[in-house]
Structures are given as C-alpha cells and as structure tokens.
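Letters A, B, C and D mark the chains as written, and numbering starts fresh at 1 in each.
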Amino acid sequence: MKKLAILGATGLVGQRFVQLLSGHPFFEISVLAASDNSSGKKYGQAVHWHLETPVLDKVKEMVVRDCRSDFEADYVLSALPSDVAGPIEEELASAGYIVFSNAANHRLDQNVPIVVPEINLDHLNLIQSQQTKGKIITNPNCSTTGLVMALKPIMDRFGLEEIKVVTMQAVSGAGYPGVASLDIVDNIIPYIKNEEEKIVNESKKILGKLKEGYIDPASFSLEAQCNRVPVVDGHLLSVFVKTSERVALDKVIKAFEDFAPLGGHKLPAAPERPVIYWPDMEAPQPRLHRNSGGGMSVSIGRLVKVAEKQIRFVALVHNTIRGAAGCALLNAEAYDLLMG
Amino acid sequence: MKKLAILGATGLVGQRFVQLLSGHPFFEISVLAASDNSSGKKYGQAVHWHLETPVLDKVKEMVVRDCRSDFEADYVLSALPSDVAGPIEEELASAGYIVFSNAANHRLDQNVPIVVPEINLDHLNLIQSQQTKGKIITNPNCSTTGLVMALKPIMDRFGLEEIKVVTMQAVSGAGYPGVASLDIVDNIIPYIKNEEEKIVNESKKILGKLKEGYIDPASFSLEAQCNRVPVVDGHLLSVFVKTSERVALDKVIKAFEDFAPLGGHKLPAAPERPVIYWPDMEAPQPRLHRNSGGGMSVSIGRLVKVAEKQIRFVALVHNTIRGAAGCALLNAEAYDLLMG
Amino acid sequence: MKKLAILGATGLVGQRFVQLLSGHPFFEISVLAASDNSSGKKYGQAVHWHLETPVLDKVKEMVVRDCRSDFEADYVLSALPSDVAGPIEEELASAGYIVFSNAANHRLDQNVPIVVPEINLDHLNLIQSQQTKGKIITNPNCSTTGLVMALKPIMDRFGLEEIKVVTMQAVSGAGYPGVASLDIVDNIIPYIKNEEEKIVNESKKILGKLKEGYIDPASFSLEAQCNRVPVVDGHLLSVFVKTSERVALDKVIKAFEDFAPLGGHKLPAAPERPVIYWPDMEAPQPRLHRNSGGGMSVSIGRLVKVAEKQIRFVALVHNTIRGAAGCALLNAEAYDLLMG
Amino acid sequence: MKKLAILGATGLVGQRFVQLLSGHPFFEISVLAASDNSSGKKYGQAVHWHLETPVLDKVKEMVVRDCRSDFEADYVLSALPSDVAGPIEEELASAGYIVFSNAANHRLDQNVPIVVPEINLDHLNLIQSQQTKGKIITNPNCSTTGLVMALKPIMDRFGLEEIKVVTMQAVSGAGYPGVASLDIVDNIIPYIKNEEEKIVNESKKILGKLKEGYIDPASFSLEAQCNRVPVVDGHLLSVFVKTSERVALDKVIKAFEDFAPLGGHKLPAAPERPVIYWPDMEAPQPRLHRNSGGGMSVSIGRLVKVAEKQIRFVALVHNTIRGAAGCALLNAEAYDLLMG
C-alpha cells in the first residue's frame, strides 16, 4: 500500500479525500494535516463533517498534524485553501514530495500541468521541467472540470471555435462556511470571485498541446458567466459551442459515449463512463445525476443542434468529487501507474 | 373609473392583477371570473392566496363568476391558462371586448400585437387589422419580457446581431401547483416546456417593425436555454450579445439609464426607471432586486465588454409582475390613454 | 429466492422498494404493478425516478402490469396510495397472498397488526385472527415509525405517561407531485392532513399489548403537531416525555444503545443499531444523519433531563426507508423467517 | 422631530431600524454607528443590504461613525452584537442616554426591564431603579417575543401552568453571515446556542410582576426546543399550554382578537391587531403571514383543545421586525409618549 498525506484534511474537499480513500485498493491515509487550529486534535473532533456517509472509526482516531514537510508519505493530496496553499506546496515539492493539488495557486505556472486523466494524461510529462526534487500536479477548478470533460469529445471530432458557458454552481463549491444562507435561500448570486477567469484560462491550458517545457493553450474563444444557486452539490453548466466542422447530433452523442481514453488503464477512481449522455428532456439534474459513476462521471443532456456548426447542451459535474478530490485522486492513481 | 374584468382571477397571475389594481387611480375591478370550480364562490374562499400582502376585504367578498362573455366591464384582463384561453378570448373579442391577455395562445397571430409599452407601443396599432369588434392585445411570456427590456436600449444604440440567453426561472412562473417541491429542493431542472421557443419567437416579434397588417420580425439570431431554479419569484437571465456597432460600456450603461420612452405619458403602472443598472458585482439578485420599481423595473448587472462588438450581462425580471400581470395592466393603461 | 410483487411500483415508496431489493440475498422482484396509466409500459419508461442511485437495467426492462390478483409471487409489497389500496389489498388477501402494506387503510383494523420488527414482532401473530387465506401486515406511518422507535427503549425501562411531539417532515413524505414548490420554498406549512391522528392512534397500537384477536393500546397520553418543511428526505421530531419512573440520562442513553431486540435474528434489512444516540449538540440533522444504518436507523440527539420524570429529545427517521419501504421489507423478512 | 442614534446600523437588525424609521412621524435618524470596520464610510458603502426595499438615498449618504458616547441624539437604538453590546450600552447609560437595546447582555439585569409594550408597559418603571443618569430598556429575544405575545392573552383569561414550545427559526435570526448555506439547504439544525435558556428566562420575566426594584418572574413551567430551518424570515412556534382554568376555544380566540392593550395610545409602530388568529388549517405560514401588520403582528393558527385545561397552537413572529427592531422602536415610542 502506498501512503498518502492529506493536507487541508478537515475542509470540504479534504473530507471527500477521506471518503474516497476509504477502502482504496492500493492507497492508504498515513497523514491528516490541517491548520494549527486543528493540529493535535483527533480527526473526529477536529472535523465538522458535512457528508452523508460517516467517517470510519479508525480515521476518526487519527491525530491531525500541521502541514510542515516531514510526512511519512509517498504522495501528498492537497486540499489547502488558496490563501495558504502556494508556499506550503512549493516547500513540499522542494522537499521531494509529489503533490497532487486542488488549489489554484500553481495551476497557471508554466511548468505545472493541470491534469484530467481522461483528457490530457500526456501533460503529466510537463513535470519533468520542474526543477525541484518533488513535483506539483494540479487538477482544475470544479466548474472547469465539468466543462473540459464535455468539450474534449467534441473538440476531438469536430474542432472548437467559440464557447460560451453559464454556470449554476452549488454552495459546496465555496467551502465551509462559504456562502451565507441569507444570500442563497430563495436567491441566486450572479457572481463568483475569480471563477470566470479560471474557467477561461484553465480550460485553454488543459485542452492545449504539450510542448517543450510549457503548454500551448487551445485557440478557441471562451467566455463564462458564473452564478451561485441554492443546491448542495453539483454544478450545472449551460454550454453554447461553435465547432470547426459540421456537426451531426448522432455523432456528437457517439463521441460522448465512446469517450473512454483510459480504457486500457485500470484506475480505481476512474468511472466506467466518463461522460454520460441522458436523452430525457429534463436531464441532467443536480440531485438526481450528480452521483453518477460515483460522482466521477460528467452528465450531458439537452443537446440541440442550432446551426451547421453550432450546438448547445447542458453538463453536470459533481463539484467536490470529479471537480476536486476525485480528480486529484485520479491524478495520483495515474501518476502511480505510469511514473510511480 | 373604468371597469375591469379579471379572467383566471384565482390563479397566480390573477392574484397579481387583484393586488396591482388595489387602489388604482382610474381602474376598478368589476368582475372576477374563473373556472367552474370557483364560480359561484366568494373570492376569499375560491382563491388559494400566495402573495405576501393580503387581499382587500371588499375583494374577498366579491362572487366569482364564469368566463362567458356578458361582463359589465370596459376592459378584460386575461390570466387564463393556455389550455382554455384561446377560444374564450376570441369569443370575448367577437363580443366587443378589449382583451389584454397574458396567455400565449394568440401572441403569434398575425393580427395580434405583443406589447411592452416602453418598447413597441406603436404595435398597438396592429389591432386595427383585427376584424372583430373587440380586440386582443397580448403581453409577452415572463422571461421574454425581461430579455426584450434589456435588449431594446442596446438595439437602438448599437444594433443586435446575435444573442444567446440562459434563464434561471423562479417556480412561480409555472403557476400553482406547478413545480413539485421534490423536483426543485436542492435541484435545478434544465428544461421548461415551450419556453425556449417562446423567447425566440416573441422577442423577434416585439423587437420587429410594424408593417401593414403584420409585424416584420427582427433579424438577429437568438438562442435560449431555460432552467427552473429554487427561487420563489424573479427570473434571472444571463445574456451574451453581439452588436452591429462597436460598443463602449459607458454608453451601454447610459442607454439603460436613459431608457424612458414613456416619459411623456403618465401611466400608473409604469416604473420611473424601466431599466436599472446596478454596478455592484453581486447584483442583481432575485430576492433583493425583484421588487425594484414595484416589480416593474428590469435590473441589469455584471455588464462586461468581451470584444469590440460583444458584451454580456445579467438581467432580472419579476416574472409575475413585469413579466405578466403588471405588463398586461400597463398595456391596458396605455390603450386607455391612447385609444380608450 | 422468494418472489416479490411490488404494488404501486412507480411511486416514491415503490421506487424505494425497487432500490432496497437490488441485490437482496433471498428476495427477488417478480412483478412490478401500478395503475392503469403505467401498466403495459416498461418500468424504465413508466417511472419518474426520484432517487440518487440509478435503477438497474434489468428492472428498467420489466413490463409494469396492473394490480389484479394473479401474481406469480410469494409475497406482495404494497406501496399503493390510500385512495385505492383498501379493496385491492383485501382482494389479494382473499386470494391467498401475504400482503405487506405501507398504506394506512387497514392499519387500524382490529385483526391487522402494525409491525415494526424491533418493537412488536409478537404482534405478527395477530394475523392468525384474519379469516382470509392470505394475510395483511402493515407498517406504520412514516413519522410514527420514528417516534415509536425512540419511545420503545424508554418505555421498557422507565414507563411512559405523557408524550408531546412536534414533527418537521420532509416533502418526500407527501409523495409525488405532493407538495407544490410554491408552498414550501422559504416556507413551512404547519399542517399535514390526518397525520396527527395517525401518530396518536398508530403509536398506541404498536406500543400496546397483543391480546386474543386484538391489540390493547398503550395507555399513555400522546399529542402531535405536524409541520411540512423544505427538506427532501428525513422527518425530524422534537419529543417531550413524562415517564412513570425517575429517569437518569446515562440510563436513557444506555437504553437507546442497547436496543437490539432482533439481535438473534439475522434480517438483511435490519440495521446493526436500530437507535443511534448522537452526543453532538447539533445532531441529528436530516441531511447528515438520515442515511444512518442505510436509512434504517433512527437517530436521537439533544437529550435533556427536564425534571425527575421528564426528558426531551430530538429524533430523526428516514421517512421513505425506515418510515415506509424499509420497514415493510423488514416485516416481510421477519415473516419469512418466522412463518414463511 | 426627536433624534435617534442607531448602533450596529450595518447589521441585519440595524438595517431593519433604518427601514422602519424611513418616514417616521416624529423620529429621525441622526447617527448611524457601527464597528471600526465601517466607521468613516458612507452608509451605502458600509452596509451589505439584505432587505427587499431599498435604502433611501439620503441615508446612503450618511457617514457611519464609531460607537463612542458623544452622539447628538435623544434616544439610542442598539442593534449591537452581544459580544460588544454590554459595556458600550452601560457607558451610554452612564453618559445620560436612553438606550433601547436589542442585545441580550442586560436583559436579565435586575434593574433592566424587558419590554413588549402590549404586554408589560408598566415594567418600564423599573428603570427608575437604575442608578445611571441614562437608562437601558431592552426588548426580548426574537422567538421569545412571539411566544409572550401569544401567551399573554391566554394568561390573562385562563392562567398558565405549563408550556412546552418547539421553535422553527428563520436564518435571518442568526445575523449575517450567520448560518452557512451548507448547514441549512435541504436540512434543519436542531440547536441554537443559548436560545432555549433565553426563551425560558425572558418569558418568565416579561410575564412576571413589577415589584420594588425588580421583576418577580411568572411561576409557570416552561420548556423550549429550538431548531433552525431554511426560511429567510419568520419564526414559527409550536406551543403546548396547560392552563389554570378550563378553556373553551371560542374564548381563546376572543382573547387573541380582543388583545389590544395599547388601544388608547397611538404609537406609529404598533399594529392595529397585535395578535391575529387565522382559522385556515394551513395558517400561519412564514412566507405568507410574516408581514402581517407590517411585520408587527403575531399570527396564531392550528388552535386545538386537547383537554379541559390544555390547548395547543402554532404562532408566527417576524423575527427581525416584531422580534427585534420593531419592538425596540415601539419601546422608544412608548417611552417618548409616557416619559420623554
């Protein structure tokens, strides 16, 4: 069993790491680290647990420690908040750790890949240009993950010219305490700080091409408008796409359904169907479809052909699983298989 | 005082008519009509009241009658559901009544105008081509109303080429009982029957040009994707616009703020500011801004310039006031002033 | 494998039956029956699925049939609505079927037991006084189930004199479409038809004593006030209890924790811990604790001693699992073990 | 016009003060004071406004100052949070100001009255035992206010022996940011810190008797269990009452409807009907009835006679109007009339 340290273990994404690693076939949690408020306490006491499944008793008994870099761990999963993640992750990389980070701090660094294994597993090789003994590998922002999973099969088959996306994002995406209830009961907030920029920059990098020591970003135009909605988990995206080639809906559907680029590799966190197309007019819905594929599948619906080279559709991603902890874990599994 | 008959008086839009007419300076309710379930009962007993302000006692005591065409009324306001509105409204027009209808049935009829007084008051003249003694004048679908109010100032100043809109629509838009709670608590439904078609067709007609006996629809391209969200009142629209001319944000804001085409006419239901621009990053929000201008103002925010001829923004419309009863009432006021 | 027919299979409780029977060690679904609207269709087309886990493909393919009494089935699970359940269930009992019913119609019949296996398994014997070849065995109303599970350990140890309970009930308790969203978003409805009477009558019968051919109801006084709240699943109950004997909180907690009357019998649907006491001040909460024990455990918290013979606490029950389909299934398992 | 200083003016209760004082016949706002974060800024910039009606422009332009005691004001309304209110209010009283406080800090001080004008206006005289030049007058906790308004008419007519109350409290009661959305969407929290104690202690004091220099608390027994629910405004209370005398429902209803103890005094903030009884089975509901009497009336429904000397009912109070700012303002109006 490989040993994993979880940083930011008491936060929402940290809790998902703990949940997803329960019963993992070749990873086990060796370290739970968090801020000084929590360090020294048992995890069961330090954590304000928010998930519907309970914490395992043995994990509850583990003592939370600080985030300084002397972990007994093969890999580090970082769910640190972005106001502290940057220097801690750098220090860990310098100290020789392989860090799988959900934080935004290093995503746009030239040498750091943003990886979604089904999309750009080859970008992992970018870490060879990192000068440190250890390495940093990031996964995208939660809404970005849903978008690129939906776009990749279309890009491969028809090319992408112009994308406009409107997001309707769940409150868990803002962490805890995050969004105040007074701001969201019977309400929507049409703004999420930095989110629109992240979607644009990260999507272009993920869907870009690996070059010598950097990623050449994709050249399509992309615009996003982000909204916070009163939903617990699951970001819904309304996506308008202009393609390079003529599209036919049956071929788009086939592209979604055939999308299984990891088929050869057996990764425990990988869903059987990374992208699921739902023909029902009222699908996908956050409450009904967010847990598809254990929260790791992206659901697509409302697919409409608008013009010869234009389609639109709706996509749903579980923001704290596929959009955060699950993707980082999948990155760790992929690294372990290919480079570990 | 002119006498008004309200059809469909017990429904959600009917209740708004009753609310908005309380204390009206020159209209009074003479008839409350509804389906046979309700007719014969006192309004206070027949109605399942959903609004936060109470019904006036004298209205509660009025006896609800059926919708057959022998009303003692100068004008008829119709909030009938579309499965019955069509023939009833035709019969009333034949019988000589001026019908202001919120129902979709006749909106796309060649001779019937869809009027939002601030936008296309001149379309009222289309009724002269109706062969009946009475006339039918419609107001748009709720989300359409918000969209065209936001687009009109831009169209007049910069021209419109291509519009994409994503709506996040309140549950009151579906009437009562409407959306089941099990479908919307902790959820979004990415589909509203017929809504996307209505937005496209009605917007082009409203923003089109009055010709001899018909409306020549506007020529921009328009696409909509509609979602139901867990909000009581207030439809939020995320709008992407390509203009014909180069845009500058300060001029767009000025166009919104200067938009007061009824300035000369004093109509009681008309808000002082039909379109309000909110500079705050987190505005507009349904709960905070839907009642602006008594629910008759459309709120705009998150205005961004994307390219030389591209902008995007968010718009909010109170769906049962400006988007339904309030607009029909404003149409009645405008007709009464100009043609009554 | 014993064959089970599910009646009312397309409704919310019927869906839970389908979900809970997936992978059952000795029961399999042989018949899915529903109203004439659904009969003849494949289950996957007939059902408007509301649960977060998907329907198995083989169940989707089963053809739904009507509810007439010629099933190939060892047992019948009835999730029929109460407006049709009565005569259909009687006919089935006459035709020789053992019917496990979630409907209220026969619960208060003298010869019909209301069974919660952990509480009153001996009441099963009451069916011997039923004159039909088949038999009817009911489970309680959803909120009643939570209440009696919480009261039984207290009654056994300290006796019960007077109980007052206020319920905060989830929308799924009203079925589908059930509660209109306009009635419950940003709102509470302080009334649920017939619910208060059911809690009183059913609780006294379940906690009563089996006599020759009838149940002698428990003699404590009991009052309930029921509210509908904007929660998807999970009824929360605030309970005030006057006991016959002096209480000590540690003994009450021990009574909850030791409560395992089925310990000897191995029933697949039975949770390891039927009643779970949570010491955390903010527990139990519907979203976090409703799925405890697979939705079959009742969670208790906020336990306070008020006076020598008075306590109060909060209880949570998953209304469509322990409070409906899960309890009926547990009854079928218990019957099969003991009498089958 | 008397001049009023508002302390804690940017908070939720402070915003209600600002809203309620707009257009007041004999009070005007002279000072808006808040924490050092806000002081020096214009109110329009300092406040995160949460109410559906907009702030007046002239109030937006006022500069917020700190809470030190050199106000140009006849009265001080304090909406300070309890972690800072205590010493600031004492200092103001020492400096000669009459302070109407919504904070809990001094409510249980022997010399400080908790006043709800309709209930215990005579308790105002307790301030004469305060040794300071200025005085402190408090209003109750939000849920307590609803409870005592409902109990007072019953106590006067039938006497009170034993009361049990379960509250379902809106999120605005916790201030801003207050309750995290992740804790309350699709959820209930069965605990509110210090709330149960406040209800018990404050209710007994308010319904107690004024003696020489202290209040002799009422002698009934009272128990409360408090829950936070996903509602914006409006606390709902389920109340079980044992009376001293036999009750008859028609007399209870009459007691509620006749309850108008301020009848003689004309106070602008006083509602025409302090307690409204709603006979409809589904009333009162937070969204529909919280604004009754401008948010100053308490609504009662679901009245049931349980036994000769037992009733139960549901009560609704607007927590930030009658339960906070509105009650403090009413106290100021009453003081001004009687002692000012």
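In this section, a residue touches a chain if its C-beta (ideal position, glycine included) is under 8 Å from a C-beta of that chain, and two chains touch if they have at least 3 such contacts.
Since the structure is predicted, the reported quantities are computational estimates derived from the model, not experimental observations.
Engineer: In terms of CA centroid distance, which chain is the most far removed from subunit A?
Structural biologist: For subunit A, the chain whose C-alpha mean is farthest off is D.
Engineer: Comparing A-B against A-C, which pair counts more contacting C-beta pairs?
Structural biologist: Taking the two pairs in turn, the one with more contacts turns out to be A-B.
Engineer: Can you check how far apart subunit B and subunit C are, centre to centre, with Cα atoms defining each centre and the answer in Å?
Structural biologist: Computed value for the inter-centroid distance: 47 Å.
Engineer: Roughly how far is subunit A from subunit B, centre to centre by C-alpha average, rounded to an integer in Å?
Structural biologist: Inter-chain centre distance comes to 41 Å.
Engineer: What are the residue numbers in subunit D that touch two or more other chains?
Structural biologist: 50, 183, 185-186, 230-232, 287-288
Engineer: Using the touch definition up top, name the residues of subunit A that touch subunit B in the complex.
Structural biologist: Interface residues on the subunit A side: 164, 166, 168, 183, 186-191, 223, 225, 227, 229-232, 236, 238, 240, 281-288, 301-302, 306, 312, 314.
Engineer: Mind listing the subunit D positions that touch subunit B in their complex?
Structural biologist: 49-54, 185-186, 232, 287-288, 290-292
Engineer: Touching residues of subunit C toward subunit B in the complex: what are they?
Structural biologist: By the definition above, subunit C touches subunit B via 12, 50, 171-172, 176-186, 230-232.
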